[in-house]
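I've put the structures underneath this note.
First subunit A sits with subunit B, and in the next complex the same chain sits with subunit C.
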Partner chain A sequence: MAKNFDTRAVRPAIKGHHFWLEPYLFLLPALLVFGMFLYYPFFRTIFLSMFLTNKTGHAKIFVAFTDKDNYLTLFQSKSFWASVAVTFRFVFAVALGGLLIGLTSSLLTEKKYRGSNFTAAVYAMPIAIASAAASMTFKMVLHPTNGLLNNLLGTQINFTGDVRYALASVIGLTIWLTSGINFIFISAGLRNVPAELYDSAAVDGAGYWRRVWSVTIPSISPTLFFQIIINIIGAFQSFSQIKLLTEGGPGDATNVMVWSIYMDAFRNFRFGAAAARSVILFLIVLVITIIQFRFEKRGVNY
Partner chain B sequence: MRIHTVQRRKLQNVGRFILNIPLMLVILVPLLYTFSISVMPPDEIYGNHLIPTSVKFTNYIQAFTNPYYNFPRMILNSFIVATTVMLGQMVTCSLAAFSFSFLEFKGKKLLFLAVLATMMVPGEVTIIANYLTMMRWGWLDSYRALTFPFLTSAMGVFLLRQYYLTFAKELYEAAKLDGCSNLRFLGSIVVPLSRPALGALGAYVFLNTWNQYMWPLLVTNSRNYRTVQIGISMLYDIDAVSLGLMMAGVVIVIVPSLSIFVFMNKQLINGLMSGAVKG
Partner chain C sequence: MKKTLALILVGLLAVSLAFAAGSKETVAKDAGPVKITFWHAMGGVNGEAIASMVAEFNALNAGKIEVTSEFQGSYDEEFAKLQASGGNYPCDIVQIYDIGSRYMIDSGWVLPVQEYVKKDNWNVNQIEPNIAAYYTIDGTLYSMPFNSSTPLLYYNKTAFDEAGITKVPTSFEEIYEVAEKLRVVNPDGSVKRYGFGMGNYGWFFEQWMGKQGLHYVNNNNGRGEQYATAVAFDQNGGGLEIVKVWDKVLKEGISPYLNIGNDDAKAAFISGNIAMTLESTAALKSLLLNIGDRFELGVGYFPNIHKNDVGGVSVGGGSLWMLNTGDTRREDATWEFLKFMISPEQQAIWNVKTGYFPITVAAAETETFKQNIAQYPQFQVAIDQLHDTAPQYAGALLSIFPEARTTVEGYIARLANRTVDAKGAVEGMARDINKALEEYNLVNY
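Let's turn to the complex of A and B:
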């Protein structure tokens, strides 16, 4: 089996230098941690998703393929589909918003000027800020009576408690949080665009916007695609923002999938149902990752 | 003529800076506002001031001294946890990366794929099962629960392996001829030579652990093991009225994160870029 894998391409074998078990001993600490806290819980989650559990999370009644099946119950519940819909809206808005803010900040700092290093540092900074800390900051900015936003608008809107604004609030916060990584990757992509492309566009007399549209964006399309995927996967995993700003509410307005997993497991103690939701989340992220691999091989370019 | 171009360049400089102002404000204002509220006396917060008329650090003093919050303990907890996880990953990932890049063994490719595959599983997917494990082992409310699940990472193995592969294999062969053991070769030659990669891993892992929220929230209940990120949200739960105190907590928690960003910027961004490259 192992003979089929030719690892010599990477580094020629150096034989006879070590005890045969040694390579595995070097891997042991890492594999132990992966085994206990990644492989085992992964399969445990799939296993649990087929059971009804008691309050301490012990699998009690096997319900897979019966009318009490956790997946079936989810697919029949309105709240689940509401949660899926909210999640996709949230993810779509965050992925696109993050990309736009990243592209804008990258284009604005593309040409060096005095102080552009400071500007770039400001744009990258959100990568360092914890989502919990940023959530508390936004809680203050969006505060119904004393917050900055209401102060500036001269209103008293309860942004996080109003169905009309709650989702937009967490989307805004999440875009703010991801703007740093979007800026870093997209501006790195911009630096790799060959200068000749711009030169020939300049010779053709193309204006700035024309150049951005027909030279810059096509040249960095692989970066933009990759960044959209990163944004999507990241957005699917958002939790702190929801927990600290809206608690999934009002109603189901911000009830994204990770929040519903948390609620099922740690508020309602329905670990089986929560496990089923986790498996669904995994499958969605898996599909997106596979799409990414497919496109990366082909290369997104015009 | 020359003066003309100098002036034009100056104008261009100013123009570019002005174009950047709106977006910079979007990023900076929430943080500046947080700081502003944290040093404001309560009557000014409730009077909807944006900038304090006088700077008061009472909120900070209260955050540090109020025994009910026990904020210093949470800061200590976060430092212990982030440092342990950082050092743990440096050790386990160095060992694994060494094996994957210098040694030959059966099933190497398969095991490497098994490590990479862990990147495909979002932490939120396994969080319930991991929580139940902690409960069964009686590990809830302990440093073990906060650190053990994060003592290695595929990203760390991958990052270090990429770096090790750039080393000339003659280096390894020469050391072997001199009778140097693998462990000694790793410890006295590979690790010192791979400081940039270890720095990137360290900065990235420390920051990520310091910033963790969901896992610490689930596995800690007592104030003795709460980390700072949970601490700042508790400041709100306990006393929603003292917005100033809450914001002081946020500033305290952000300072270490920002310090890493400022002083280890290059390492952090290198770590981030290899961390985001899935597969």
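Let's turn to the complex of A and C:
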């Protein structure tokens, strides 16, 4: 089957100047798909962000660089800055919390013991749960008067409607949801740490914590780095928890940017403003990604 | 090996192409039943009722009309999907909530039901006048009322009896009094049962404007010759009266804060944590089912803000809109389907299964309806309340109603968290809604 194919033997049969087109023809299917679902929406969003749109989402009045500019309006709105701040707090807490729980749970199940498979399944379970279903369950768990959590604590706290708890509730749920995938990846990372490293550390007299800190963590740093990126991207995209638990409230307490984009576009009919928010979110994620890759060159051992 | 794989792939491609071509042919054929699509937003018990009504219609019209009903999520989600379709007519008939009415009228996608009423010489008086009033603008019936509801006061009758309360409160002055007696406090000082509790639901705010006999927006509540250009609830003082009551209820712990929407309030009421609550008539059936034997359910009129208020409730819920698809065969079929859905028999069944009003007057004469009223006299209260209101309290029409409602709920949430006071909340609501309205009117008219 595997014959050596000499391309020179075939090609000259076709006239040379047709060749410049050939690679693009091969690229065409991929470009079409990307163009339709990635590049077109991307440029369309930038375009829309310069207009006021009518109720069906058609660009109506060009407002860029005028006093009605969508970006200007956003920058002047307190609610927008609150939303940016909330987003950062949310993303930071979720990315770090998910990672810590994933790391802890995978260290706990690293050594085999009776029932460790069961514990591992429990730790990994959140992957199998849709965020919408989990949110509906948590809505009941967090119910202000007869929720499970209030019954356990003997309190009557409004976890989703009180500014002091709303963000923490949504963060808690999201951390739990992301912990499963963190657990799986970090567990896999732990298996790949060479046993000799532990052996020689043990010979050197290193205790458990010392081994974790000086052997395990550096050895799995690529996995941790990868997980942080995945967590951050996932956290920026969190939506159903917010929609089902708090609707971005109370006030702006859980008004993350993705939620405010949804509200502007699909409840308030302001596609232009929603597009402007999307562009800003895109720039934020872009900057964070660049910083992450800079950091990777220094902090990660491959 | 590779060759076989390639052959299989080519084969698959050919087969799928053949299917694609085939499906197009069947659509293009003119013979066979007219197929229409019906979008609705009814989940749970209500969705099952829709499915069985549609199945019955299809059975009756076998070979002539075939209706496919599609559940599109909540009202908000369904509305957003229709909007996103940008006038590509994804369906023939769509159920839209009350507050989407102005948007639909302005959209230009709609075939007013009035046209078929005229063509078919159909008597509009078959519809309950207080319901028809909501969907009639400048004498044109735009959509067919279908699932109409009003808010009610639901109460735990068992708790009322235990506390020796015989009179059902009709205003907030009376609610304060009764709630005090119904309140049960644990030995540790926490509240075991609140006398009253309500969700943060913008619909109630709108209803209380009508209950005070006042307008929500200007230009004859958005029903005049010109569309609304600003809210009226801040100017006529009605908004502040409502928010002051809301503030008192929350601040004095008469009701716990039960979050946006009505889910949490409903759950708290069913589990007996609150002894009175406000909910739509449409929740009656599901409340009865969920409460079961736990306690006896009582129903009263939606309370006034003040004892001497003179207005009435307006209908909420949804109506069925015909889309202007331009295909006469399908539009004719849609009209047949509409007439079926609001026929007295179907409306009686709909009422029994869900708790929405029968929107057709004659439904009250059917056996189904009479039996149900005998079994659940609670239904009667809702109907009396509807008859006691008047067409002039039909409620506002506002293009940006979904946003306005969200805005109101947002400020009530802030009020509950004490980050704004009653006066500031009303000012904030008016400012935000007016700003949104101004921009909407600028780009859309």
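By definition in this document, the second predicted complex is superposed on the first by the 253 of 302 C-alpha atoms of A that agree within 3 Å, B and C clash if a C-alpha of one lies under 4 Å from a C-alpha of the other, contacts with A are read in each partner's own complex, and residues count from 1 in each chain.
In this section, a contact is a pair of C-beta atoms (placed from the backbone, for glycine too) under 8 Å apart; a residue touches a chain by one contact, two chains touch by 3 or more.
These figures come from a predicted structure and were not determined experimentally.
Of the two partner chains placed by the overlay, only subunit B lies in contact with A:Ala130; subunit C stays clear of it. Once chain A of one complex is fitted onto chain A of the other, the partner contacts of A:Val203 are absent, as it touches neither subunit B nor subunit C. Of the two partner chains, both subunit B and subunit C are touched by A:Asn146. In the superposed model, A:Val163 makes contact with subunit C only, not with subunit B. When both complexes are overlaid on chain A, the residue A:Glu22 reaches subunit B alone and has no touch with subunit C. Once the two complexes are overlaid on the shared chain, A:Thr56 sits against subunit B and subunit C alike. More residues of subunit A are touched by B (comparison of subunit B with subunit C). In the superposed model, A:Phe269 lies in contact with subunit C only, and not with subunit B.
Annotation: subunit A residues 1, 56-57, 139-140, 143, 146, 266 touch subunit B in one complex and subunit C in the other. Looking at the complex, you find that subunit B touches subunit A at residues 12-13, 16-17, 19-20, 23-24, 26-31, 33-34, 37, 45-46, 48, 50, 91-93, 95-96, 98-111, 114-115, 118, 120-133, 135, 148-149, 151-152, 154, 157, 165, 169, 172-173, 176, 182, 207, 210-214, 217-218, 229-230, 232-233, 236, 243, 246-247, 249-250, 253-254, 257-258, 260-262, 265, 268-269, 272-273, 276, 278-279. Subunit C contributes residues 1-2, 76, 80, 83-84, 86-87, 103, 106-107, 188, 190-191, 194, 197, 200, 256-261, 263-264, 267-268, 271, 273-274, 399-400, 402-403, 406, 409-410, 413-414, 416-417, 419, 436, 439-440, 442-444 to its touches with subunit A in the complex.
Listing the residues of subunit A that touch subunit B in their complex gives 1-2, 5, 7, 10-15, 17-18, 20, 22-24, 26-27, 29-31, 33-34, 36-42, 44-45, 48, 56-57, 101, 104-105, 108-109, 111, 113-116, 119, 121-141, 143, 146, 148, 151, 176, 179, 181, 184-185, 188, 230, 233, 236-237, 239-240, 243-244, 258, 261-262, 265-266, 271, 274-275, 278-279, 281-282, 285-286, 289, 292-293. Residues 1, 52-58, 60-61, 139-140, 143-146, 154-156, 158, 160-163, 247, 249-251, 263, 266-270 of subunit A are the ones touching subunit C in the complex.
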